[in-house]
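Heads up, there are several structures right after this.
Each of the next two complexes has chain A plus one more chain, namely chain B in the first and chain C in the second.
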Partner chain A sequence: MSVLTPVRLGPAEQTLIAQLQSAGAAAQAERLSGSGLPTRRVESYHYTDLKQLLRSVPPLAGAAPGASAPALEIAGAYRLMIANGRVQDAGTAPAGVIVGRSEGSVLTMRDDVLVRLNAALAGESLSLTLEGSVDPVIQIDRRSEGEAAHSAGSVRIFVADGASATIVETYSGSDAAHVSNHASYISLGKGARLSHIAVDLSSGQATHFATHEYQLAEDAKLHTLAIHAGASLARTQIFARFAGEGSHADFSGLNLVKDGQHLDITLDVNHAVPNTTSQERFKQIARGRSRAVFQGRLVVARHAQKTDAKMMMQGLMLSDEAEILSKPELEIYADDVVCGHGSTCGQIDETSLFYLMSRGIPRAEAETMLVRAFLEELVDPIEDAELNEALTAVIDGWLLGR
Partner chain B sequence: MTTPVLEIRNLHARIEEREILKGVNLVIPAGEVHAIMGRNGSGKSTLSYVLAGKEDYEVTEGEILLNGENILEMEPDERAAAGLFLAFQYPIEIPGVATMTFLKAAINAQRKARGEAELSTPDFMRAVKEAGAQLQIDSDMLKRPLNVGFSGGEKKRAEILQMALLKPSLAVLDETDSGLDIDALQVVSKGVNALRDGQRSMLVITHYQRLLNHIVPDVVHVFSDGRIVESGDKDLALQLEAKGYAGFDGEAA
Partner chain C sequence: MSALDIPTLKENIDLETVEKVRALDVDKYKYGFETTIESDRAPKGLSEDTVRFISAKKGEPEWMLEWRLDAFRRWLTLDEPTWARVHYPQIDFQDMYYYAAPKSTSGPKSLDEVDPELLATYEKLGIPLREQEILAGVEGASANVAVDAVFDSVSVVTTFREELAKVGIIFCSISEAVREYPDLVRQYLGSVVPVSDNFYATLNSAVFTDGSFVYIPKGVRCPMELSTYFRINERNTGQFERTLIIAEEGSYVSYLEGCTAPMRDENQLHAAVVELVALDDAEIKYSTVQNWYPGDKDGKGGIYNFVTKRGDCRGHNSKISWTQVETGSAITWKYPSCILRGDNSRGEFYSIAISNGHQQVDSGTKMIHLGKNTSSRIIAKGIAAGFSDNTYRGQVSAHAKAKNARNFTQCDSLLIGDTCGAHTVPYIESRNASAHFEHEATTSKISDDQMFYCMQRGLSEEEAVALIVNGFVRDVLQQLPMEFMVETQKLISISLEGSVG
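Right, the complex of A and B next:
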């Protein structure tokens, strides 16, 4: 972009620029001054115009003044915490889990404003190396505590060759207009297996940004589930790159959107080598006056023959004022591939509802049964019983308006 | 005089501006089984849906009394709790809803609506097992999502299982015989007959006389163009079979 027309900067941008300068990121500050936050004219932010949506940014976060209870209790999990972007001391790690911390964020090639802000502002990263078969679920409990604050936190995870693990990231905090920018850079070694689940339970005034970047080596198997069940504005960006043949990933996600919320999941999957497979399954449910966004892009490189990728997005509207937006995109440069995508959006099926009610089940309960049925295939693959139960409780909590 | 289980008075109903029911009158006393026979498109399923409270239909005139109580203003679930059960002509498949979860939710919702305590899980399991055995419904079928992948016959048996568990005072069976071979017809009929107890009433809707050899009705009604045009005993069904509907409603077959 060489366009030099000066952009008018809003208060959020001015605060961000000052914060970048105070963090010593002069080049980033200058870049943001030149371009401003992305508007709908930037393709990847088309439905989430940050310039419009991010009206102000609170001051940079100090150390957390003590934490509230975990937003999600998972029995038997090993819990690590990052509060206000700062890595907290952890208990003794279970076998196969090596916990460390490093200065700064993590270098990534991704050119994205949220990634750049995170890289410039995160002071340190939690680093995890997983070896062998890691038994307990690892929970990374990411908090924004105290008065409204802007924080950036970073996690780097390496799943060693042949290792297997389940990681759950939960995002929560005090009831304030936080802006939190979380990054997770995850690399799977040869034959590694990982289930990575991210659940946003931020308070209703908060802005939640998360970036998950995945890299898969040969024969690695990845399962992901990103759930938005909080915040006023949220965007989770999932960037994945298949770098080794024989690797497979199931990406899934869920936007649970209610009145006043704008929740966005943006996915960009790159099949860079031959013989890799992926399945993308994303669902959105919206009620009240709200907006749910899913953008999914599959890129298949020219020599990535035998790629098999299927992307499906399904929306369920529970009110007439809700908006569910889905944008699937395929960019295929190889010729011997099986790729497809589908997108549907509907309301609760009246015929099914009548059938259930005709058996004596009241409307609200029947609707809840049908919505649960709609979501079942997302939670079903979670094998850990405690985790499955915890996620089901998050969904039920949303359904029952808790 | 005891209150009939069902009393329909001059019922008119329409869907999308089109009148389908044109003055239905019907009284079913406690314990009686009445059959409704009529050609396709005469409005039999419409009558069953209007009874059960499907939203798409607008009742423009008339009344429906269930055990003396007007049910027209009730939601479908309230009608069910009041004792009405409809075995669907085409039972709905609902992926993602486990059959057992559904059965338990239905039983307990009705009990709750009537101010009764919930059924315990062991009692529930026992009830399902007993009712299922008689209808040749095995536990594999019950493990599947509701009606999903069930054959036509399995769906109809599953409807009767629900009826056996929910113990309605009025059961409306809409073409429960359609799509059944003779063996399945016998199983289903046996299940239905087992629920005839001198108190429970039934409205058996069918296109063919065949079913009525198995579920022998007390009264047969001929339905044509949205109303009952003739009523009689079970022999009426045989006449109908012999003469065809044209002999009753004057329309060409």
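Right, the complex of A and C next:
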């Protein structure tokens, strides 16, 4: 049997190890030097080989040198900013929103390399407590400004029992090869309602990592939408746990992939208690030489009877050089459940195209119509008209860039 | 106490199913007898000497020994794979025998030379070795089955050889083929599953002992089903069989495989490699009923079944179809795959995997689309009971040149009781825009809509279930050849209520 050879460390790993050491996280530095960044042999990174994809890491971010204009303007929203991992002063919070900040990141038990890096390197975290019915959309504007930098920031959100809110996180910044590692830890109290939308609009040179962790108490209702439309390398990890009976969540996501990009959405949903339901709807659309990845896993625990979960992944390929890779997993330990997943992948349906063209619509326009129809399903459920419009604009921006 | 104690039985699974699953219970393994035959074994453990010993025993030419030694050296550099959802204690590869042969059977020329104990064994297994009996029983050659029986490490007897030879078909043990048809073996052995493909395939390449060899010449439609029965009898032995099937241009063959083993406390290792090659317009149909000893009700003993099966649709318009019924083994790690290399080639995978007691199944397929207009179809039904875990793991990929590749996958799982698990892990990889993939997986009971439709038309609940299930099972069972289908129904004799929807 072969003896375990020590892992060969690349420049990105060496920088990360040095940064962990300078942040006083000796144990994490040692762990990373032992294992290196995950390769495709690590199941949860099967299609996103970080060792290969993350070639270099810029120096740790300093204070932001002033901010550029917001990448996504949502009329009437209450805006909070985190620039280069540091929470910026905000104006008066609307009724029901309590804003706080604390040193360091938020504790989490999840064993994942991006989570561990975030936990060790985030200098400060923003905490939000939401009570009652919060009216305006809350925008958390997360920036990477100035010269190329590696930043880590974290946000903790608690939606109190019976409260309801809409939160939009946007990620953007200066046009440089930033590496940003964002974490959001979100807990929903009994009967709470939350719509959580995350849109990556980073520069085309940037690398974007985001981890969203959700915990749902009894009768909580969650809606999420993650859109990748910026960084050249992006991975959003969604970890959700149903901890109270009667809770429900709709998870959705969209990879808008263009030439040279590698975008990954990885989802892990744990139905830990009986009588919970979830629906997962993810779409990927790819053109040029690019790669779109979706990994989704539904876990139904031994006693989580009466779980109803349906996961759907649809891929649309606009180029022969694109790759759409998907891994929708089911892991089921309870017998009285209704669980399923579906996955499809193909190009624009010729019959539909023919139908539109036979009615006098030029080919290019017909294609755009069909693609828009394909994507609309994800934005439709968003009730706030301003927000809906802003997101539609993001999608249109990608479409017209073709 | 039975391993299948169902505290929270679902109302829509009728009692009959439960009884049948119970009948399948691990402590009632009916093939668990042991035959006492003196046998000839290689010294315990694995080294180059073991490999040389096996090669010498088989009277192999030099090139074959070199091939084995090369595999052995590569194996030393490989690590055991850990990605499958199966758990077992570390296997000590030195604490095992790699060769065991019944003493009296060094190359029997006819059945009369075969140890009567052995024949009695096969009789107990219900395997018809005596050609005369079959001939007496069935008029017309179409219903005949030619059998190659492998006992521990050697092929004991192959029937119907003369009749097959008349149309130019070669059906013999792989050891014989190495000696008598070296050119064919050298050309194709390891061409589908490369020597260092994976840990167990490499181990097999070094120490494989026997298996079947089939060669169907150009334009020949094999007049009968070809069949192999494998049995592990000796204690502490691993069985490493190697099967190679070559279908020349325009030919057709249907091949069946069955396996059993005695009941033992310790775990036995079975690491086979099966290679299929289909040239232009050829078709190979490969069916397996795997019924190795699954271990007792506490999960003690049973076979570790680590198998690499792969078919290469090398020619245009070729077709390879895998059908498997997996009911045995403590651990199953098996992914019969198709490489769709030729344009317009087609791959199929039909599977029923039933796990009970403490069995662990991690099985599925790979459909690798390389040629233009290739298509594949995957139908997998998993049923988990007792304390077992049943995983479907499958890969479908279309490469950039696989224009118009098509795949349809359907995986359905049924759990009986709340102490087992059913999992689905598909890998879907599309690398060109004209590829069209559809994947569907469910874990549930029969859909209420279907039940409502049937019952609204006057059927009772049970009749409705029976009707729906009948249609559902047919998908996979119908893929089995006639003779095997009856046997299989007897073997699994379980209805699949609840797996649809």
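Note that the second predicted complex is superposed on the first by the 396 of 402 C-alpha atoms of A that agree within 3 Å, B and C clash if a C-alpha of one lies under 4 Å from a C-alpha of the other, contacts with A are read in each partner's own complex, and residues count from 1 in each chain.
The rule is short, and it goes like this: contacts are C-beta pairs under 8 Å (C-beta built on N, C-alpha and C of every residue); 3 or more make two chains touch, one makes a residue touch a chain.
The model shown is predicted, which means the values in this text are computed figures rather than measured ones.
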Overlay on chain A: chain C relative to chain B, clash or fit: fit
For the overlaid complexes, name the partner, chain B or chain C, with more touching residues on chain A. C
When the two structures are overlaid on chain A, which partner does A:376 contact: first (chain B), second (chain C), both, or neither? first
When the two structures are overlaid on chain A, which partner does A:110 contact: first (chain B), second (chain C), both, or neither? neither
Which holds for A:327: it touches chain B only (first), chain C only (second), both, or neither? second
Does the superposition put A:344 against chain B (first), chain C (second), both, or neither? second
Given the touch rule stated above, what does A:358 touch, chain B (first), chain C (second), both, or neither? first
Vertex at chain A, arms to chain B and chain C: angle between C-alpha centres to the nearest 10°? 80
Could you state the shortest Cα distance, in Å, between chain B and chain C after the structures are superposed? 14
Quick check: in the complex, which residue numbers of chain A touch chain C? 1-2, 41, 43, 46, 302-303, 305, 315, 317-347
What part of chain B is in contact with chain A in the complex they form? 52-56, 75-77, 79-81, 85-86, 88, 91-92, 94-97, 101-102, 105-107, 109-110, 113, 145, 162, 166
Where on chain A is chain B touching in the complex? 350-352, 354-363, 365-366, 369-370, 372-377
Provide the residue numbers of chain C that touch chain A in the complex, in ascending order. 8, 10, 76-80, 83, 400, 413, 415-445, 501
